Structures are given as structure tokens and as C-alpha cells.
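Common to both upcoming complexes is chain A, partnered first by chain B, then by chain C.
Right after this comes the complex of A and B.
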């Protein structure tokens, strides 16, 4: 009797009171797809890119909404800390910001130079913010990047995410890094990390800030991945250009698919597409300091040829492979030189040494940066051309045979 | 208070078995004086116009009083046979040497009795018994027995000077013929269904199971309805303990009426307060035959085309007799599909509510945007919206079942256009909600058993409230008790959730997966008793090797 009454009471209380507090209807949420941070310690400016769902899908029709509306709404709020800045947004925005679907986190140049530990803490501590968010460093301010549209995509935050994913799979120049990976790299012995950089290209940036962007066939500005920011500890210490980033990508064994142009014996360019590549990097103790042993293997096919070599003959193929190997070696060396110049161990070589010999690592740790800058390279690249495509010798060579050399 | 009431409701029936339901009257013997008996019968039946009674006088004697009487209820007997019987009776009376008597009002005295009986010869009753063209002739000693047989479609003959009546059962009159079952139709398979007539239904089963081991025990339940209830099982396959339990439970029923199988079902099932059925019903003779062969017991009830099957397990409710009439691969696919739709019907609205109001983070972004765009401007919270739409559907459904057929199209237009489309266009409900509710409704109809579908229908609302207040955690908090309950249920001593809990490996071949018929060597052991072997092993089609063609080599594949 008593127990049943109690049970009924508990159920009634459960239905009437519990849970309602954390309930949030979909139309009360401000879905944020990209955030950016500018400013320095003690004074942060957070820029949020919020989706306007009704602009993307009209209520009953289901098709994409009207063209005169942009799919996102961008606003900035200020505060002493990251969290404060985020929560101050209620002063300007009617909706409760919801970060579960945040795709991109852009760090402004000023903040990157100032330090990023606080940002990472804020990500790791909060339930809603996910550590799988991809991070970019803006060459100017994060606000500027987030205010840009990226035609033909309606959601720039999503477009940046897709851009990073596709780039990683198709060209492998920059590897997207997540907050989690950054935290992991920074807490390792190497204490360094590389983050892709993004910047605005072109002149008329206002073009990209209104729905006008969708009305032009060629907007006079666009966003582009432009380099790699290097962080030692929490601060950005420098950046690499595209060519150097490519080398770093090779050294980090991140090349999945890439098109390489290489010079033939007579300075004619051909294209080789890498389908799979494997790079093994090991620091080996030499007579004077460490030597970096790099062993790379790449498979792929020929996709464009100007070569005068006879590629129907294994000897010709061999020759071409050596040319590609030389090209890859050069790329790797360039990337390595860039890293050495900045003295940033983004490859995690320190961890490799530490894992092999912790005691020795402790002894070289104080002067590691100098050691790193002095390290020699020992590169061996092995390339094999698996396919030469549907055509045999290059069309140029055939023409020369038919009509004589011009 | 609730406890008290429950206790009262749940008191075992045996305690109350002493008192009889209804008002049984004191049984009178058949009076030797025919006119007295006739008058008693008439008055007992309240001089009802459909009770027909006629007396026959003897032509040899000179008395105006009848020596023989026939009585029956018009409409309950077969007229063809009735004519023959009456002819025989008339002839017997005609040839009788006996005279009818005046109603003396008291016991006939010995002198008259001797006078009435021709010396050493047969009495009228004996002559009649000899001449009636029927094999099913019964003697009834009391007036109550006479009335009972008259009311169940017999013709009863009363003779003067005899202390018993002769009853011939010739049930007839208008009844439905064997038709295709309306509630469980199949594409391939027998198209006959049970009727309201118990004898027809018993014959339909008998036609499928031509074995002397098929036992049917008939008893009458209900003081007013006197409904005939048959317990059918196959001796040697069904477990004796289960049969005995069914008998015991049915015999303990003490009520005034049994009008449909549900009267019995609710009186004998294991968990009467559970939403889950522990007894199955079917209109299909082939389903009953298959169940009997699995060792189940069937209960057939006069007056309804639905037979009860017991014991059952949870997963039996997801099997259709057509599973065995189709290829095994398709049948397996359909069984998995049914279990999945069961979960959809139970959980889809609550999952939708929980995810859109609590756990939005598990939705992919594009989907979230679509849903958010639709929710833009809808006035009600998701829980209320779902509740209203679900209730609306239940209303439309109930209206569809009850309304006259002619108004059907009107209801579907109102249902589909006004409530579905217009509500979305007016922005009162979101389009996704309509999809969720409609798909749930359709999924509910995939469950082959109406009882199981009804259980799902009710539990869905509880889960929706839990989902609306506690999110996914609430659904979990609702599902755990449901599963605990399912696993703890029993049906006539058989574990309800078998063969999964407890796990029986050998019974898996006819649960989620329906193996080919040739591989079903044994019966399910949780239901059948000792006689488990269904067929000889290795029944793989024995194709002659010469017919296999020249290209194939080697012998036939033997299943391992």
C-alpha cells in the first residue's frame, strides 16, 4: 500500500519536474558551425558563425531556401576569458548557442602569437565543445575569415571542413589537425605542433560578405589554404610556405594521394600520381649528434608525359623512377630545411628518441632545439611506376618520330 | 487501496468455486405422463414462439390424446433431417397400439400403465428409437437435459408412459460458410478460415491432422450460454503437464457466459495484468494444425472463429503461417524485418522526441539543420506535438474501424489531407513529425499478431512521456523494466522469452532464422514434450545424379 503510493508519487514527480530543465527544443538552438578567436590573454573576441536553418530549407517545401539570404549569421562577443566571451553573446543573440556541431575553429594571428593553452583547456573542459573540431590559423584575424562566404556552399564553416578533408585526401599538402591532436602533440616531449593556415586571396573582400557572392561567376576574392603555422609550446613561432609544407607532409607520412610534376632528362615536365606512399622517419645516433634516417616508398602511375624516354622499355621506366625519386628527395629536403630553420620539432622526433632511450633523452633535452637544427638527413626514396596509363610513349615523342624534330 | 483491490481481483478462483454463477433450477425428471411433460416444457421455455412442439395421436386407439410428441427450436435444426425424423415419428405413432391418456395431473397409476402397454411388446419409445434414421440418438432423463439439448439444436421426442426422452442432434439453420479469414490473410497457402460453428472448426482441423492421436475434449461453460469449448492437442506431442494445466484452468471457469474466445483467454492466461499476451489467437486452421504439431494446445470456442493457442513464446507472435509457405530466405528476411518494425513501432516517436529535445548532438549536421528548419515556428514542444499526432492517428484508426463502410473515403480524405498535409502547411506540426507518426502507424501493422500490436500501441505512449522528460535516459529507464518483465513472464510453464532467455541453441533454427523445411529435424523443445523428432534427418532433395547435367560433377551436397 505505502510502497505503491510512494512509487506513484515518484513517477509523478519524475514526470512533472525532472529533466525539463535540460530540455531544449530545436527551434531554440543557435547551431554554431564555426568559431574563431581573436585578441590576447585577458581580452578575447570570439566570433561565431551561426546557421539560419530557415534560410537553408524552407519550412514545407524542403528544397534549399531563397537565394537572397545567406545561410549563416556571424557575430562577435568579447570577454576576459574564452568562456566569458562566448556567454556574453546572449547580450546580442536571441538563441542559445549550441556547439556540438561546430566544425572549424579558427585562431587569429594575434591569439596564435599570444598563446593557445587557454583555448585548448576551454575545449577539453566543456561538454558541448568537441575535441574533434578542426583547427585553422588565420593569417589576419579569425573574424575576417569567418565573415566570408564560400560559394557554392551555403555554409562556410562546413565548406572549410570539406575543403580540409578533400585536400587531405587528394593532394595531402596540409593535414587537418583537431583540438585533440594539438593537445596531444603539445603535451608530448616534442612540445610542438603544426596547424594549417588560411588567408583571404584577392582584393574585393566585401564580395564574399553578402549573398552577392552567389551572384557573381567569379567573386573577386576567395579563401585559400596558404601555409603551415608552427607552434612551439603555446606560441606560434613561424610558418612554412606551400612547398615546405609539402615536404613536412612527406616527413609526417601523411601523403595519401598526390600529383607530382618532375623534370625529365631534357627538362620536360611530366606528371606522376602517387596512389600510396609510406615514409619511415627514424632519428639515429651518429658520430656527431643525431642523423635523421628517412626511408620513403611510393607507388603510383604516370598521368601526363612529355618524356623523350622510351617508357615502353623497362629501362626507360627505371630512368623515370629515378627522376621522380630525385624530385621527392628535393621536396623532403626543402621541408626539413624549413623546420630546422624554425627549430620546431613538429615531427615528434623527441618522442621517438625518448621512447627508445629515456635516460639519454633527459641528457639531450636542454639543448634539443640546437641538436634539432644541426641534424643531418639521410634520405632514400624508392618509387615504382605501376601503370603508365592507356598510352605508351608520349605523344610528343610520337610526333617527333613522325614529323621529325622541330 | 489499490493493493486491496488487486488482492480482491487476484484471489484464486478455486475459493469461490463453491457458489454457482447464475441461477440453476431444480432438475425434474421426465414425467411419464406425456401431457404433463409437454406442459412443463412449454412453461419452462416461457411459451416462446420459436419453441415448436407437436403431439401425435395413434390411429389404432380412440383417444384424442397424443402418444408421442416432438419438440425443437425453429431455426436451430436442419429442416431436411427434421422432416425425415418427423415422418418416422408420425409413422410410429400411427402404428402404435397404445392410447394417449388424459392428463391426470398426478402420477400414472399402475393399472393404466399395464393397460397401455401391449402385452410383452415394445413401448412406443422403443419402437421410435428403432425407427429413427439417426446414429446420434441420446436418452435424456431430466427435463433440464431435454431443454439443454433442444436449445443446442436437437430434436427431442417424448413418448407417453416413458421416463426418458429421445434426443437427436441435427444442428442446422443459417450459418456462415467457410470463408477466407479476414484478419490473417496470406498470398500463398490455404484460404479457409474458421467459422462460428464449433463442429465445423473441429472438422477443419481434423481434415488436416488425420491421426487418432488428435484429441478433442469438449466441455460446456457458461450457465446461460452453455458454450461448447473444445480443448485440442496431439497425444504424444503436447506435454501432459501442459494439457492438464489447460484442463484445470478451463474447468475452474465459473461464469454465466462465454461469448468470444477472449472471455476464456482473460480467465486462464498467466499474466492477466501484463500488456503482453501469453495466449495467441488465430482464425486459420492451418496455423492451429502447425501449432498442435509443435506441441501446443488449442482451445476452440463455439460461436467465434478465433481459436486460442497455448503455451506461446514472445517470438511466436512474430511468425506467420505464411513463413512456412514461402522460400526460407524470404521468410527469414521477413522475420528479421518484423522484429525491427516491432522496435520501430515501439520506439520511433520516443527516439525522435528524445533526440530532438535532449540529445541533438547525435544527429548529423545536415539532418539537424533540416529538422531545425522545420521546427522553426511550430508552436508546440516536440513531446506535445508527438502526443497530439499519435492520438489523432488513434482517433482516425478507431473511426475507420467503427464507421459504416460507405463513409470510408470521407474519413481518408479528412485524415490524409486535413490532418496530415494541412497541419504541416499551417505550421502547426512539423513535416518530420507527420512522417514519424505515419511510419510508426504502418510499422505497427507489420506485427502479425493483433494482440502484440496492441501491447506496443499502449507502451509507446509511456515511452514517449519518459523520452520527453528524461531523453534517451528515459527510454532506457522504460525499456529495462519492459525487458525484465518479458524475461520473467511464463506461459503455461514455458519461459516467455525462450529460446533467447534462457538460451536454447537447438531452437534457433525456427526463430529469427527459418531454416529450410528439410533441415527442421526437431520440434522446439521448450514447448513439445519428449516426442521431439519431426522428420528423418538428411531430407535434402535427393536429386538423381544423371539429371544434374554433364557440367556438374560430384555427388549431391550433404548438409552437415
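Right after this comes the complex of A and C.
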């Protein structure tokens, strides 16, 4: 009997003492799914994109189901530091902000040009700010990007996250960078990092800021990943366009899957889809300075062709492989030229040299940027077309043979 | 004091729990960046000598514990002074762990709860275990050991699966050779955690069968050294040497980076679980060591000492005005000054006296 009483007592204590002192009710929480920062040192503006749960689940599901309400609410608060700006939001917002579901962090142009060390510190120091947040640089202000809806998605922050994930797997032009990766790259010997850029495309940006966005079949503006911002130290020193970013993606061995168009021997375009690619980049010491040895391998299949060569013959495939190799070489060269021009070692070549030969690295470290700008490329690309799809020779060639068109 | 004996396996398991304890909380050997593993292994080798010294003391007179040995071989006066010193040392170690526990809880789980509340609850739990006699603490160790092992295995597994490990972060190896930084890190590591096994001199006499105990202890000790070097290097390989060395809780940071979208994110709970158990065991053994010492010195039963000593420990835990002071004191100062005295100097002195007076004083 005594035992049972004791047991009951213990259970009662367990149930009661697992209390709810720090409980937070869902309807008091402001789930933040994206944040952004604008401004410069001493004067930051933080923009948060918060979910409105009721707007998400009312109506019959379709994007236009809820009529006039948008799925998110966006607000901006100011402060001298990033943390202060974030916390001052309580002055204008009734909800307790909750950052565990924050997926996207947008750095405004002004902040990127001014410096990002303070941001990184704020992330690393605070528990609720996760270092796995994906970072984007806005070509304009972060506020503007976060205020835009991304129809048909109701939650733009989530949509941006999905966009980055999908893009990385399907086209591999940009790779999402997390706060931790930025912190690591900047604290490494290279002291440089590249972050994808986002901008608004189109003319009528106001369209995207209200639920009107859902009412048009073709909104007159949209968000698009548009390039790479290059950081040396804490400041953005330049950016690359899409084509150059593609080259950098190759050099960083980030290509997982990608569609490449290439010219054939008679300037007819075909499409090759890469299923796997592997790139090895090694700085090698040459007679005059370092040479960048690039060895790339790509496998994939033909997915569209205008080729007049006989691609049912291994010889024709060989020819085509050379053409693709030429195309990839050119992409890589373009990306490399872009990096060299800006003298930003986002590939972490400095660390590669340092790891292989720390003493030598210390001696070239002071002139590294100049060395980097002078490095020559030595590229070898090996492409293998594994299959050519459901059709043999290109339709153009077939027609040409049949009807003698040209 | 009852003469309950413990099994050799229980002692070995407890030693493992004790050594792993709070070690994984901090980055060990951060001063030598990616060469931290070399520092841990080097310190492990040096620590083995310290452990062998402790075991040699035990083997010369296997029936007496640390306090009785000092009393017997150094005389009642000198012996008592040293014994009080050891009690203070154990109590201080315990208080440091208590503070660690409080700070850790605040940093990770309960940022809104006052630190004295978590520290008080922890103290009560630990004191309750100690009150129940060492047999209970050793059995608790046996019971929780599988959970600890499983937790660490899951943690290691998910870190490997997440693809966060950069093996290239291990390079370059020893770019500056073996220098003063390395020596400093090795010295730190010998004091914490390896030398802390000195508290087990209180427990060795409780072992039932002494056959091949020394061998088993040494084997598991080397296992611990390898494990600690490995898990420590894991943080370096994920975070990079610079960030790992500057992060307050590197393993937590590492765990936080693990993301399997949709399956599991935020594995922090596992980390905290491990740390609570590790810190808990450290506290239990230090607390037990200290109260048993008080019983030996005063003759008053150890249970009566739990509350007064607990109060003192609780007070000592809040000695440092802030976390920075607490860590600075613990990681930069005591490791070079106080710890070696109790872990190496006094045991060496005791052993020398035991050898010199071996003809006058026969083993008990």
C-alpha cells in the first residue's frame, strides 16, 4: 500500500513538475520564415516575414481561396545593432517572434557593401538564430525582396527555400550557402565567399506586394536568382552574372544535374543533360607562379538535337562529346575569368595551398591576390554521353535525308 | 560505513562515464587547431602514466583508500592536512561541474529559468544519489551506460550521414611542429580530464575481485583516449579549426548543423541528454569522494556531511561573477596550478613515502 502511494506521489510530481513555465501558445507566436537586413553599421533595419496561420488554412485550399488575405505579414524594425533591430520589433508587433523555422536570410545591398561580420556574429552567438539558414544577397534592399509574394505559393520565405533546394539539384547554377559556410569560408585562409543574389524582375513590383498577385495569371514582376555576390573579407567587392556563376559552380564541383546547350560542327544547337559531374581543382606550382589544374568529368544523355552528324554511330558520339567538352571548358574559363578579374578566391585555393604546404603559403600570402589574378588555367574535360534518348538521328537530319531540305 | 563491495566491471564503466563526462563539452586542444587530436593522444599517453601512478599506489596497499593511505603513511597531522586539501579539491571540482550544468541549461534548454534553480535541482538529484551509498551510484552508472553509448553512436552516425565532415580540415598536420602551444594543450588535457581519475583512489579498495583489474582499467582508459580524440576532432572536421576553437559549445554547434529536412532536425536534445548524464556522473563521484573524505577525517558518518558540504558547493558554484570568469578560471588557471598538485604531485609524494617507509609500515 505504502509503495503504491509512493508511486502515485512520484507520478503526480512527474506530471505536475514537468511544468509549463515557459509555455508558448501557437496563436501567440509569430513564426518567422524569412528575415532580411538593410542599413549599415550603427543603423540596421531588420525585416521579418511572419506567417499568418489563419490565412493559410481558411478557404478551400487554392491560392485564391482566401481572397484578400496574404499568407504572410512583413514588418521592419530599426536599431543600432542587428540584435537590437530584431528585438525592437516588439514595439510594433503583438506576437512573440519564433525563429526556429526561419529558412532564408536576405542581406540587402547596402549591408553587403558595408560589411557582414556583425551579422555572422549575431547568428553564431544566439541560440535561436540557426546557422543553417540559407543566405541570399538582394540586388536592391532586403525589405523589398521580402515584401514580394511568390505566386502561386502562399509563403514566399518557404518558396525561396524550396526554390534554392530545387535549383541546386536540377540546374546547379547556384548553390545555397548557409551562415555557417559563410563563417567558415571567411575565417579560412582564402577569406572570401560567394553568395547567390536575388532580384526583382519585371516592372510592376507593387503587383507582388498585395494579394492582387494571386489574381493575375502572369504577374508583371517576379523574383529571380540572378548572380553571385563576391565577398572578400566582410565586404562585397563585386558580383558575377549568371554565365560566370555557372562557371564558378563547375569550379566548386557543385554541379549535380544541368542542361547544357552546345554548338555542333555546323553551329546547330543540341542539348546535353548532365546526370553526374565531378571536378577536381588543384593549384600546382609552375615555373612562374601557380597554375590552376582543373580536371572535370561529366556523364549524361542527349535530350535534344539538331545535329547533322550521325549520332547512331560511336564516331558521331565521340565528335559530340568533344563539342560538349569545348562548351564546358568555355563555361569554366568564363567563370574563372570573372573571379580573376575581381581577385576573389571563393574557391578556397588559398586553403588548398596552405594544406599542402603551409610554409610556402605563409610566404606567398601577402601577394596572394596578385598571384591569384595571374594564375593560368590548365583544363581537361572528359565528357561521356551515356545514351541519346528515345530517338536516333536528329529529326532535322532525318528530314534532310528524306526531303533534301537544307 | 557499510562494507558493500562493487564489481570490477562497475568500476570500469564508471571510470568511462567519468572521463567522458563533461570533456566533450569543450573543444580540447583548440590552441593547436587541426592538430587537436595529436594533443589529445599525447595527453592520453601522459595521463596513462598518471593513472599508473595512482594504480601503483593502490596496488601497494589495496585495502586502503586515498584518505586512509595519507593518514597511515604521512601520520595523522600531515595526513589530515592533505586529506582536507583533497576534500576541498573534490568539492571544488564538483562545484565547477554544477556551474557548468547550470550554464549549459541556460544556454541551451531553459534560457528563461534562473540558474540557481537548475543548479539547486541538480544538486538535490546528485546529493540523493550520493546519500544512497556508492553501490547505488555505481549501479546507476551501469544502468545509464547503454543510453550514453547509444546516444553517442546516434550522434556520430548522423554527423557522418549528414555529409558535414571535411576530412581536408585535418591538414596540414603539425605545420609548426611540436611547440609550446602543443605542450600547453597537452598539460591542460592531462589535468582535465585525464588526471581527474585521482578521485577513483577513493573507490579502488571497494572492488570485489582484484584479478586483472589494472589491465581492464588501462584497456578501457586507452579506449576513452581514442574516443575523446575522435569526438573532439569531429567538431574540428565539421566546424573548421578556427570556428571550433572559438565556439563556446562546439559539439552543440556541430549537432545543430545536422539537417535531414523532414526527417530530423534539431538534434540538440540528444546533446543535452549526453551532457547532463556526463556532468551528473562527474558530480556524483566527486561529491562521494569529498563526503567519504570528511567521514575519514572526522569520524562522523558521510551522510551527515552531504547537506553542509552541498551548501558549501552550491555557494562555491557561484563564485565566479560571470561565465567568462568561470571558464577562464577553470580552463586557464587551475589546470596549471591546483589540479596538478592533487593529481600528480601529492600522489607522487605519497608513493615515494610509501616506498621509503615500506619496512616500517606494512600494508594493511
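Some points to look at:
Just so we're on the same page, the second predicted complex is superposed on the first by the 376 of 406 C-alpha atoms of A that agree within 3 Å, B and C clash if a C-alpha of one lies under 4 Å from a C-alpha of the other, contacts with A are read in each partner's own complex, and residues count from 1 in each chain.
Note that in this section contacts are C-beta pairs under 8 Å (C-beta built on N, C-alpha and C of every residue); 3 or more make two chains touch, one makes a residue touch a chain.
Quick caveat: nothing in here was measured; it's all calculated off a predicted structure.
In the superposed model, A:26 makes contact with chain B only, not with chain C.
In the superposition on chain A, A:75 makes contact with neither chain B nor chain C. By the touch criterion defined above, A:158 reaches chain B but does not reach chain C.
Chain A is touched at more residues by one of its partners, and among chain B and chain C that partner is B. Applying the stated contact rule after C-alpha superposition, one finds that A:53 touches chain B and leaves chain C untouched. In the superposed model, A:4 makes contact with chain B only, not with chain C.
In the superposed model, A:98 makes contact with chain B only, not with chain C.
Contacts of A:132 after superposition: chain C is touched, whereas chain B is not reached.
Overlaid on A, the two complexes show chain B and chain C touching the same residues of chain A, namely 22, 100.
Those residues of chain A lying in contact with chain B across their complex are 1, 4, 14-15, 18-20, 22-27, 29, 31, 33, 51, 53-54, 56-60, 62, 98, 100-101, 103, 128, 158. If you check the complex, the residues on chain B that touch chain A are 1-4, 356-358, 360-361, 365, 368-378, 381-382, 424-425, 427, 431, 465, 468-471, 474. Interface residues of chain C, counted against chain A in their complex, comprise 107-108, 110-113, 168, 171-172, 175, 239-240, 242-243, 247, 253, 256-257, 259, 261, 265-266.
Chain A meets chain C in the complex at residues 21-22, 100, 124, 127, 130-132, 165, 178, 180, 183-184, 187-188, 351, 354-359.
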